[in-house]
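As structure tokens, the structure follows; a few thoughts come after it.
Chain nomenclature is as follows: A, B, C, D, E and F, assigned in order of appearance, with residue numbering initiated at 1 for each chain independently.
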Amino acid sequence: MRHDGRASDEMRAVSLERGVSRYAEGSCLVKFGNTHVLCTASLEERVPPWLRGGGEGWVTAEYGMLPRATKERMRREASAGKQSGRTQEIQRLIGRSLRAIVDRRALGERQISVDCDVLQADGGTRTAAITGAWVALSDCIGYMRDAGMVTGPVLVDHVAAISCGIVGSAPVIDLDYVEDSSAETDANFVMTGSGKLVEVQGTAEGEPFTRDEFNALIDLASDGIARLVDLQKLTVA
Amino acid sequence: MRHDGRASDEMRAVSLERGVSRYAEGSCLVKFGNTHVLCTASLEERVPPWLRGGGEGWVTAEYGMLPRATKERMRREASAGKQSGRTQEIQRLIGRSLRAIVDRRALGERQISVDCDVLQADGGTRTAAITGAWVALSDCIGYMRDAGMVTGPVLVDHVAAISCGIVGSAPVIDLDYVEDSSAETDANFVMTGSGKLVEVQGTAEGEPFTRDEFNALIDLASDGIARLVDLQKLTVA
Amino acid sequence: MRHDGRASDEMRAVSLERGVSRYAEGSCLVKFGNTHVLCTASLEERVPPWLRGGGEGWVTAEYGMLPRATKERMRREASAGKQSGRTQEIQRLIGRSLRAIVDRRALGERQISVDCDVLQADGGTRTAAITGAWVALSDCIGYMRDAGMVTGPVLVDHVAAISCGIVGSAPVIDLDYVEDSSAETDANFVMTGSGKLVEVQGTAEGEPFTRDEFNALIDLASDGIARLVDLQKLTVA
Amino acid sequence: MRHDGRASDEMRAVSLERGVSRYAEGSCLVKFGNTHVLCTASLEERVPPWLRGGGEGWVTAEYGMLPRATKERMRREASAGKQSGRTQEIQRLIGRSLRAIVDRRALGERQISVDCDVLQADGGTRTAAITGAWVALSDCIGYMRDAGMVTGPVLVDHVAAISCGIVGSAPVIDLDYVEDSSAETDANFVMTGSGKLVEVQGTAEGEPFTRDEFNALIDLASDGIARLVDLQKLTVA
Amino acid sequence: MRHDGRASDEMRAVSLERGVSRYAEGSCLVKFGNTHVLCTASLEERVPPWLRGGGEGWVTAEYGMLPRATKERMRREASAGKQSGRTQEIQRLIGRSLRAIVDRRALGERQISVDCDVLQADGGTRTAAITGAWVALSDCIGYMRDAGMVTGPVLVDHVAAISCGIVGSAPVIDLDYVEDSSAETDANFVMTGSGKLVEVQGTAEGEPFTRDEFNALIDLASDGIARLVDLQKLTVA
Amino acid sequence: MRHDGRASDEMRAVSLERGVSRYAEGSCLVKFGNTHVLCTASLEERVPPWLRGGGEGWVTAEYGMLPRATKERMRREASAGKQSGRTQEIQRLIGRSLRAIVDRRALGERQISVDCDVLQADGGTRTAAITGAWVALSDCIGYMRDAGMVTGPVLVDHVAAISCGIVGSAPVIDLDYVEDSSAETDANFVMTGSGKLVEVQGTAEGEPFTRDEFNALIDLASDGIARLVDLQKLTVA
């Protein structure tokens, strides 16, 4: 039995709310229970230097947390003068996940920057961010399509993410902060709408884990991500 | 006639929503029209070094904008590695404004950090931030009172703020971004519930201004702030 | 009675000494009593990126204090690795004040950087800096005129500044450090030669202040700035 | 057929050379083919603030590359003024991997810092670093044992790492730079001497990958890491 | 013949003006021709961590240039966010030179920070700084003696410095900026009142130099520094 | 008698090993006893901005120490976020020394960056670095010659360096860390193959020194550097 009464394969209440920003070309407020992340997609008519003139576009991501998104106030990174290693690791992950399902040639020589800002954190902020970022990205590309900037398909698939872990010796899905803090193993999975893997990250927080345990986590994640993709489809329909 | 149809002494729709953060001791989402600022008050059992052992507390503020709070995406300050001069100027203003209505001895040797994060910006972010910060601060002190940490009055008055300016030769209140960009004179006023001045900042963006013009701006501000204070009272009632 | 025997409307001894730098196109050592600021104006044949190609020039300012300009030695900002919020706030104020009286089109596509370095600080460094900076700027434009770089009027007016405050319940002008430290209200005014306002900044350090009190401060400032402008005229005559 | 003639399950020549630093309490120069990493373990009689007084120790890691470890010279991070996101991600990975096999209570309230500096890079620097770091750590603990600082077992297992990937549709082990640059999928595995998983990281560089493909990579890694652990045993025997 | 008519062994006009700072415990405005450096000595009742409790004091120095001390305006180091290598090299040199003639045990467990700020630069700023810093330091120690903080001798000797160089194949003393820019060899010498060497720095800017040439430079420096020491004696008499 | 049994004019065992980097155009591992420095020369088809279009090339150097090159682990400069003053001073010295023996016009408009990374430090790292850097530079220019990029002589002479000092009142050559820590005077000399001086740096760590003492140090250095140049000749023969 989990501390909040969920079954081992039960995700928290998930919601995806589109159009939450007046200015961004695409935006989504994603909630995985008490974890709330505001995702905005910003279109820019430029690409990083190493892509100039090649006809391909770029998708990148930045991640941040409001100082009091957490139980204890954390120092503001802008005031500390740098982004932590954790922040950089997460924003690199989000960027790679999104690029995996974008046809960068169809996008044209432009950049989409997706900002994922955590308003409230209760575990799973990176997986919520990826799941919501896809919606913001999708709306941004819809905006471009309406403006005649792109024609064929740019988003070639869905992408969504979920955390799984071993908590009290049992594999469970979508850990909240309490579970995350006591998990023996913690893993994040990013998968496409077609059920393929984009990113797999598993870490033994305490005891190392077996392949059987890891397989149980992938099983849980596959089911959960399929449901997240269904919700994405309903949201943008 | 103003571009959005408002009368010269008409503020935008203002709302103050308490309790928007699950973790902060006090919080308020303040909206002045399309300007939305999330204010959280965090209680910390420590004071800055120069106050240690003196029995007085401290109230400080930090300010930030989400990168796509604005029409054009702005660079994230955490990634740029420093806070801009404008950010620092605003957060110093918010801190001073709040300290003006706090009895720091009654607060005891503790610090309250108020974070004001702009989710969406359409002019007047600093004045909205001060107005909402008072509500967050008030709830934080209510939390302390419930916990028996303070007894007598800590907040000795209300504080709220509004911008006024000369736009198209006419004095108007609560400028939005369009007006702010074309104002000849731009001023911010911070006043208490008893109608006294805490901060006055007036800047000629184009032509220098006369004392008569400046007096017209203070008149507008006095009325507007009185209404903001009324709304604060209704909100925390 | 003020601690140094001045009347409430009496400024400290003010002097403006031109041509104190061998290299700068314009320079002025300004003294307000024991506050000494070295102002240099440097002409550069470039403008900030956002002005390129538009035919308009720019005037900007930087501010610094020598580490032992003050009673207690302060940490050198170059060694701390960043400028404080206070420094940035002041240099932005100086820059805005100067731009208010410059015809940037007549200046042509060039930048004048005015450096204000405080050699000794006894209160009022920012107001002394603005007053002296006008002289340095004026001489820099004179240099340009002699070199045939500009023809019509570039400086459209004078600009000078003074602090006023409520000290021991009485409004006084040109606060020194001792008064500044104990003032209930502290205000800085920047005005033109024609008596118009460019910047108004008033802050309640202790008790909030009334409009009547604030009006008394503007009255004092208007008289004082008129005398500073007279001195500027004598200096550059 | 791989570009350098290796079989798909064939690692590059691996060597582990102990005692390469005159000063470090433990050290190892590890080579995976042309990838050379110098690992040193430094004992320090202090722990991070959050562990003080708790009786537990800490193991941390830092990672760096010499500017010309690579085909093209890279900018020195000390001169750039910060560590890249990639560097931080790798050093966090190394630290977690080592802590997974250390009994931090048996270590006592001390810190071991393991520095992994890449002298030459040809792919797989992080996996070589982890494999060599274990040897340096083991010798550091041997030093402590000789000095009577620890008694019971501190290292509870071996830990080693290897990269695997899908290159030209085929799963292969221990990618060099050429393979790494063209891999469709790239994964790093960290496992213990007992064959359990400590870290799993898989990334689709091009096409997302299937579970079957991922399983093939784990199979390859399990065999490879078992051989690395054997070599570690021979080295410290 | 030198470009300004000086003989090869002729220094520029040198002046040392004491007591130029209202607040510093010791101060000196030193001029070597058009090179003007403001030196202040600040007494602090603390020492660096590595000296605490040992009964010895410390003397340190910081160096800076005003942005328009030079022909072309240079970027302000506080705004650039760091001190250049040249700045750090010079301030380390000044600090070492002063410590060479201070009895740090007689000083007691206190620190004297000497700030050398270049108001105007025409070559030889570091040698002027050292020469003037001695005067500031001497007055600071005089202040301490008057206050009964020290008793026996603290300054055990004078210290002064001069530059010499090979310009147009001829050895000359006290190079100004024009000479410095074209010198084949540039050297700085720091010597005591008793004629001993504290620091010797010689650099071939163009052709390497012979021992004979270097000896000619030391000869020039010895004479020049003796005259600077005489001037110091007159100044503090 | 020196603590390790060497005669006063006896250098430690010196070795120069070429071709230690797979990628660099030139490289050398230099050892002065237990001081080991890896030098790599990297050819880049660009020059600093101020040289563009002038037909001349540039040689620059960077210096670093691995954190555990020393007896006590030192903080990694990349993680501290900046290079120390000492590091910058040394890399400027190395760069100047190499440029003194390069015909920058014959080099053509290209830059050679020489990285000197200290793997192990036992005194004299900067002198070892210069001596080894010449070998790396020589091989880099040999690479360019083979590629037809340069024709005439580019390296116009050898350059090597050695430290000397007064230890226990006696002048000695090539100080190791123990001697360096107790030296009364410490000097570094950089000389060419033709016996001319490129850089002279002498510092009184304790007592100031006499000209006679300094001459004794130059005598020692001249002999030592001649032997280092002989070794360079053998190495690149």
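Throughout what follows, a residue touches a chain if its C-beta (ideal position, glycine included) is under 8 Å from a C-beta of that chain, and two chains touch if they have at least 3 such contacts.
Going by UniProt, the chains are A, B, C, D, E, F = Ribonuclease PH.
All of these numbers come straight from a predicted model, not from anything done at the bench.
Chains that count as touching both chain B and chain D, per the definition above, are A. Least step count on the touch graph, chain E to chain F: 1. Although chain A and chain D share one sequence, what matters here is the overlap of their interface residues, and that overlap exceeds half of the numbers used. Matching CA atoms, the turn from chain A to chain F amounts to 120°, rounded to the nearest 5. The equivalent interface to E-F, defined as the listed pair sharing over half of its contact pairs by residue number with it, is A-D out of D-F, A-B or A-D. Averaged C-alpha coordinates give centres for chain C and chain E that are 33 Å from one another.
One inter-chain figure worth recording: chain B and chain C are separated by 28 Å, centre to centre, where each centre is the mean of the chain's CA atoms. As a whole-number value, the distance joining the C-alpha centres of chain B and chain E reads 51 Å. With touch defined as above, residues shared between interfaces to two or more other chains in chain B number as follows: 81-82.
In ring order, beginning at chain D and turning toward chain F, the chains are D, F, E, C, B, A. In the complex of the two chains, the chain A residues touching chain D come out as 82, 85-86, 88-89, 91-92, 96, 100-101, 157, 187, 191-192, 194, 196-204, 207-211, 214, 218. Within the complex formed with chain B, the chain A residues making contact are 21-24, 27, 34, 38, 40, 42, 44, 62, 64, 66-71, 73, 76-83, 87, 113, 115, 117, 119-120, 122.
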